[in-house]
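Got some structures for you, see below.
What follows is a pair of complexes built around chain A, which joins chain B in one and chain C in the other.
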Partner chain A sequence: MRRPVSLYGLTFSLPLLIWQLLFFVFPLVFLIALSFWTVRNFRMQADFDTVNWTTMYGRAIFWQAYGTTLALAAGAAVLTSLLAFPVAYAIAFKLSDRARRWAIMLMVIPFFTSYLVRVYSWQVFLSDAGLINVMLGWVGLGPYGLLNTPGATLLGFVTLAFPLVVLLQLFSLIFIDRTLIEAAHNMRCGRLRTVFAVVIPSARVGLVIAALFAFILSFGDFVSPIYLGGGDPTTLSILITDTTKSGQQWPRAAVIALTMIVTLMVVAFLSIRFAYRGRK
Partner chain B sequence: MNQENEANRNPFVNGALKLYVLLAYLFVFAPILASFVFSFNSDRFPSIPLGDFSTEWYRAVAADPLVWEGLRNTLLVGVVVGVISTALGFGAAYTDYRYHFMGKQVYLALALLPPTIPVVIMGLAMLAFLSRVNLSGDALAVIIAHVVICAPFAMAVIRLRLSQMDPSLEPAAWNLGASEWAAMRHVVIPFCRPAILGALFVTMAVSFDEFAIAWFVSGLNETLPVKVLGFLQGQVSPRINAIGTFVFVTTMTLLILAQLLLGRPDATEKE
Partner chain C sequence: MTQDPTQDPLVTFDGVAKRFGSYTAVQKMDLQIHQGEFLAIMGSSGCGKTTTLRMLAGLEAPSEGVIRLSGKPINDLPSWSRDTPMVWQSLALFPFLSVIENVEFALKMRGMGRAERRARAEQWLDRMGIAEFADRNISQLSGGQRQRVALARSLVVEPQILLLDEPLSALDAALKVRMQSVLKTLQRETGITFVYVTHSQSEAFSMADRVVIMSRGKIEQIGTPQEIYRAPRTSFVADFLGSSNIFPGQLTRDGQGQPIIATPSGDFALPAGNTLGIAGQSASLTVLDTRMQIHLQPPGDARNSVAARMIGEEFVGATATIYFETEDGREIRVQKAHEDLADLSLAIGKPFHLSWSPADGHLVSE
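== the complex of A and B ==
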C-alpha cells in the first residue's frame, strides 16, 4: 500500500467525512447547545440556562413517558426476538438453498414498503368495525376495542422490527459452525437442548444485536404510538414531535432528544458488552 | 449443507416449523396485501365484506395537485439524494478497501452509524441546525438530511462488491503503467458498476419512503410520504392505500432493476 495521504486518496475519503461531520455530527452536537437556550416571546435566543433541563425533568409526564417508552421498546425487543427466532432458525436449518434465497428476498421487501401505509393497514384490521372484529363477530365474539391500546402499539413495533430481526438472526445462525451441532447430536443431545446449549450461545452476538436494533427502532418510533396506540400513554418520541411542532419549544425537545440518545447509548453499550461477555 | 438434518428429522416438528414460517410471512405481508386490495375498494371505512371495485381513490389522489407536487418533490429529492449518496458511499467504501490509517474505526463509524439514530432525533437536530443556516423548509434541506442516512446504505452495498475484487488487480494496472486515476477509471469503477447502480436504486428507494426527517425539515415543500402522514392525521384515509400501492410498485421496480444489475449475490464470486 502507498502512503495514505495523497490527493488521490483524499478525493475519495474526504467528501463523506466532511458531509457527515457537517450534517450529522454537528447537528447532534448543536442539540446540546440548544438545550441550554431560552425562549422568550416565542423567540429562541442563545443562552446558557439550565431551565429547560429542570423544567422537563421536573415534570411527572416526562418520567411517565420515559417509563412507557422504555417498557414498550423493551417489550417489543423481547417479543420480536421470540417471534422471529423460530423463523430464522427454520430458514437457516430447514430450508433448501433455493427456498432460503427466496425467503431472504421476501423478507427484504418490507424494508421498501411504506411503514405509514402498513400502520394505516393495521388500523383497518384493528378498528371497531375492522377486519378482525368482523371475523370475530362471525363466531359470536366481540367487538373488542383493539385500536388505541398498548398492544396495538406493540403490534406496530413488531411490524417495524420483525423483518430486520429475522434477517440479523438468520445471518448469525447461518455462520454457526455446523460441526458443533453435529457433535451435539452425535452425543445424543436432544433437539431442544441443542438449540439452547449450542445454537443460541453460538449465535449470541447476532441475537443480541438483533434485539438491540428492535429496541432502537421501537424506542424512536412515533407513528405506532400515535396511530395505533392513540397517543395515550404518551411516549418520548410523541413528546418530541408535539414540543417541536407546536410552538417554539425546541430547546425542551432537545432535552428529550438528548435524554433519548444517552439512554440508547447506555442500552447499546450494555447489550454489546453482554453479547461479547466471555469472548475474545 | 443438508446433512445437518440427519439426526434431526422429526417430520412433525419440521412441519410445525414450516407452518410457523408461513404464518410469519403472512403476518409480514398482511398489511401490504390489505392495502393493495382496499385501494380498489369503494368503502370510505374499509372492512369486510368488500365494497365494490372502484378506482375512486386513485382518481381522488390523481386529482389532488398537492399530491402531484409531493410526487415531484419526492422524485427530485430521491434522484439527487441517490446520486450524491452513491458518490459519497463509493468514496468511503473505496477508502475502507484500500487504506489503513489511524482513526479508521472512527471513520467507519461515522460512515455507517447515521441510520441507527432514531429519526425523530435526527429530524429535530436537522431542523434546529438547518433553520440556523436558513435552509429549513426547502427541498435542499430534505436532500441534505437524506444523504446523511442514505450514504451508509450505498457504502455497504459497494463495499460488498469491492470485497470481491482481487486485491492484486489494481497493483497490476499500476505495474502496467496506469496512474492511480487511470486504474480507478478503467479497473475499479468498471468492476463496481453493478454495485454502483444498485446503490443508486437502493438509496433512491430509501429516500422515497422516508417521512419523519422530511416531515421535520420540509416545511411547505412536502414530499409524498409526508403527504401520506398528513392523510393519516386527517382521516381521509383510503387514499393512503392508493398512494401506497403506487409507491410500492415504483419502489419494487427500482429494486428489481437493482437486483438484475447486481446479479445473484452468490453468483458473482468469481469474474
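== the complex of A and C ==
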C-alpha cells in the first residue's frame, strides 16, 4: 500500500527536491541536449546531430586524454589510500581519545585553505629555482625538472584528496569492533598480520569509498594538471577548456563532460559493488 | 573431576594483581587451575573475573605477580604467542569470513596447509552439528549456531585450555540450558581444561568441577559447588548465593559454657566442631533456606528457633518460597514442598516459629 504524502514531510523534502531539479537534473538534461547542437560561424544552433559525438570519439587526442586522466586519477586513488592508511591507522588505534580529537581537527584545517593556494605553494617547492632544487644544488645535484610533469600532477591530486581520505578511512577504522582484533591476536595472528587479516577486511567499505572519493576529486580536477602538470599530457578537464576556447565548441565540450559523468558513475557503481561484495 | 592432586597445576597465579590507574581490578591473587578441570570464576560485574581471564589470555598484563602456564612464566608472552584460545561474550566471529573460514582461521595462522585445515575445520563443524552451514555468512546464523561456530573456532587447534567469557549470556533461557550440557559434554570428552567466567550461579554450579567466587578483586572462596553451597566461607558468599539465611552476631558462651552466637534475633546453638574462634569475635550464622522448619507453636526442644511473621510467598514449580520477618526486622526465606505446607494455613501477617537443627547451621567469618 502506498503511504499518503504528508504536508509535513513535503515541507522538508521539497527544498532539496527543487534544488536537485534546478541544479542537477535540468543542467544534465541541458548538457545532453547541448551535445547534439551544432556550431556554424562560431554560433551555436539548436539541432539534433550526432556530429559532435563522432568527431570527439574519432580523435586520438580525446582517447589519449581519457587514458591519461583515468590513469592519473586511479594512481592518485591508490597512492593517496596507501599514504593515508598508516596515518588513519595511527590516529584510530595509537592515540588517546584527546590526541585523536586534536588530530581530527588538524585534518579538517586544510579544508579552510584554498586548494589553488596549496597547489601554488607546491610550485615554490618544485620549480627549477624552487626549494627542492636549491637544496639539491647544495650537494651538487640537479636541477631536475620536477614541475610540469605527471608526477607533479599526481602530487597535486594527493594534496587535494589526502585530508578527506584520512578522515574517511579513520571513521571506518574507529568503528571496528576491538574484540575482533583481540580475537585475532588470541588465535596466533601477530600485529602486522592482523592489519591485513582483520583490520582491512573489517574497514573495507570505508577504505574503498575513501579511494573512490580520491578518484572522483582527481578525475575532474583542473587545477593540478594545469599548474603542476603544465597541461601536458592533456587531461579531460584541460581538453574541455581547450574545446570551448577554440571556436565556441560548447557542444563538443558537452560530449567530454558527459563521457566523464558516465565514467564516474560506472567507477562508483563498480567500487561500491566491490566494497559490499559478500555482505548480506 | 579426573584431576590428580599430585600432578602439577596447568595454570598458577602467583600473587597476581592488576591495576588500571588508581583502580585495582584484581588484588594479589593466588589460584591454581588443574589439568582437565572445569573451573568457573563467578562474581558480580566489576569483581575482576573477566580481568583475570584476560590476563591469562595475554590481553592484559599483570601489574604484579607471575602467571605460569605448564610451569613456565607467561607474563611477557604476547597474546599471539600463547595457546589460550578464548570465547568472547560477543563471540567476536569475523563477519567478513564464512563459517568454515572462521573455523580455519587459527589453523591458517599456524601455517597449516589448505587441504588439511579445511578437513580439520569440517570435522569440528560436524562435531558441533553445524556442518551444513559451512559456507554461510555469520549473519545468516542463529544465536545458538553462532555459539557453536565460536566453540569450533577455538577448539579446532585442540588446545590444553579454553577460556570462556560469559559466552551464554546473550542466549534465551532454554537455549542456555541446552548449551550448558553441550559445553559440559565437550569438556568431558576432550579433557580440555575449561575456565568459565560467569555471573550466573546456575551456569557455574551446573557445569563446573570447582567454582571460584570473587568480589571486589579478591577470591572469596574456592571449592566444589557442593562445598560452597553447604559451607559458604564468608557472609559475602552466603549472601551472593542467596540460598542461605544469615544471622550476624557475636560468638560467646551460654550459662553451661556451650559456644553460642548472640544475634539481634536471639541466641543460637552452634553446630558441633564449627566454632570459628574465640568468644567475643564477630561472625555470622548461615542456614540454608531448605533446612528450616515452620511451626505454629515454639518447637520447645533442642532446636534453634525464632519468632517471625509471614510477609510473602512465591511459587515456582513444586516448591514454594515463603518469606518471613523477625521481630528485629530480619528477612528469612524458607523453601518447602507444597504438601509440607498444607497444615499451616499460611496467611500474610500471621505469626509463626521458624526452627533449624544446630547441625544445619554454618558459621562464617564477616
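Points to keep in mind about this one:
Definition applied: the second predicted complex is superposed on the first by the 268 of 280 C-alpha atoms of A that agree within 3 Å, B and C clash if a C-alpha of one lies under 4 Å from a C-alpha of the other, contacts with A are read in each partner's own complex, and residues count from 1 in each chain.
The criterion applied here is as follows: a residue touches a chain if its C-beta (ideal position, glycine included) is under 8 Å from a C-beta of that chain, and two chains touch if they have at least 3 such contacts.
Model, not experiment: these values are computed from the prediction.
Overlay on chain A: chain B and chain C fit together in the combined arrangement.
Once chain A of one complex is fitted onto chain A of the other, the partner contacts of A:Leu28 are limited to chain B, with no touch recorded for chain C. By the touch criterion stated above, A:Tyr120 is placed in contact with chain B alone, chain C being left untouched. In the superposed model, A:Asp177 lies in contact with chain C only, and not with chain B.
In the superposition on chain A, A:Gly137 contacts neither chain B nor chain C.
Look at A:Asn186: by the touch rule set out above, it reaches both chain B and chain C. In the superposition on chain A, A:Gly67 contacts neither chain B nor chain C. Looking at the superposition, the partner that touches the larger set of chain A residues, chain B or chain C, turns out to be B. When the shared chain is aligned, no partner comes close enough to touch A:Gly145: not chain B, not chain C. Superposing the two structures on chain A brings chain B to within 5 Å of chain C, judged by their nearest Cα atoms. On chain A, the surface patch touched by chain B in one complex and by chain C in the other comprises residues 182, 185-186, 191. For chain C in complex with chain A, the residues that touch the partner chain are 57-59, 78-81, 83-86, 88, 90, 92, 94-97, 105-106, 109-110, 137, 139-140, 153, 157.
For chain B in complex with chain A, the touching residues are 1-8, 10, 13-14, 17-18, 20-21, 24-25, 27-32, 34-35, 38, 45-48, 87-92, 94-95, 98-101, 107, 110-111, 114, 116-130, 132, 144-145, 147-148, 151, 155, 180-181, 184, 205, 209, 211-212, 216, 225, 228-229, 232, 237, 240-241, 243-244, 247-248, 251-252, 255, 264. Against chain B, in their complex, chain A makes its touches with residues 1, 4, 6, 8-9, 11-17, 19-21, 23-28, 30-31, 34, 83-84, 86-87, 89-91, 93-94, 96-97, 101, 103, 106-107, 109-110, 112-125, 127, 129-131, 134-135, 159, 162-163, 166, 178, 181-182, 185-186, 191, 194, 213, 216-217, 219-223, 227, 237, 240-241, 244, 250, 253-254, 257, 260-261, 264.
Note for the complex: chain A touches chain C at residues 177, 179-180, 182-191, 193, 197-198, 201-202, 204, 278-280.
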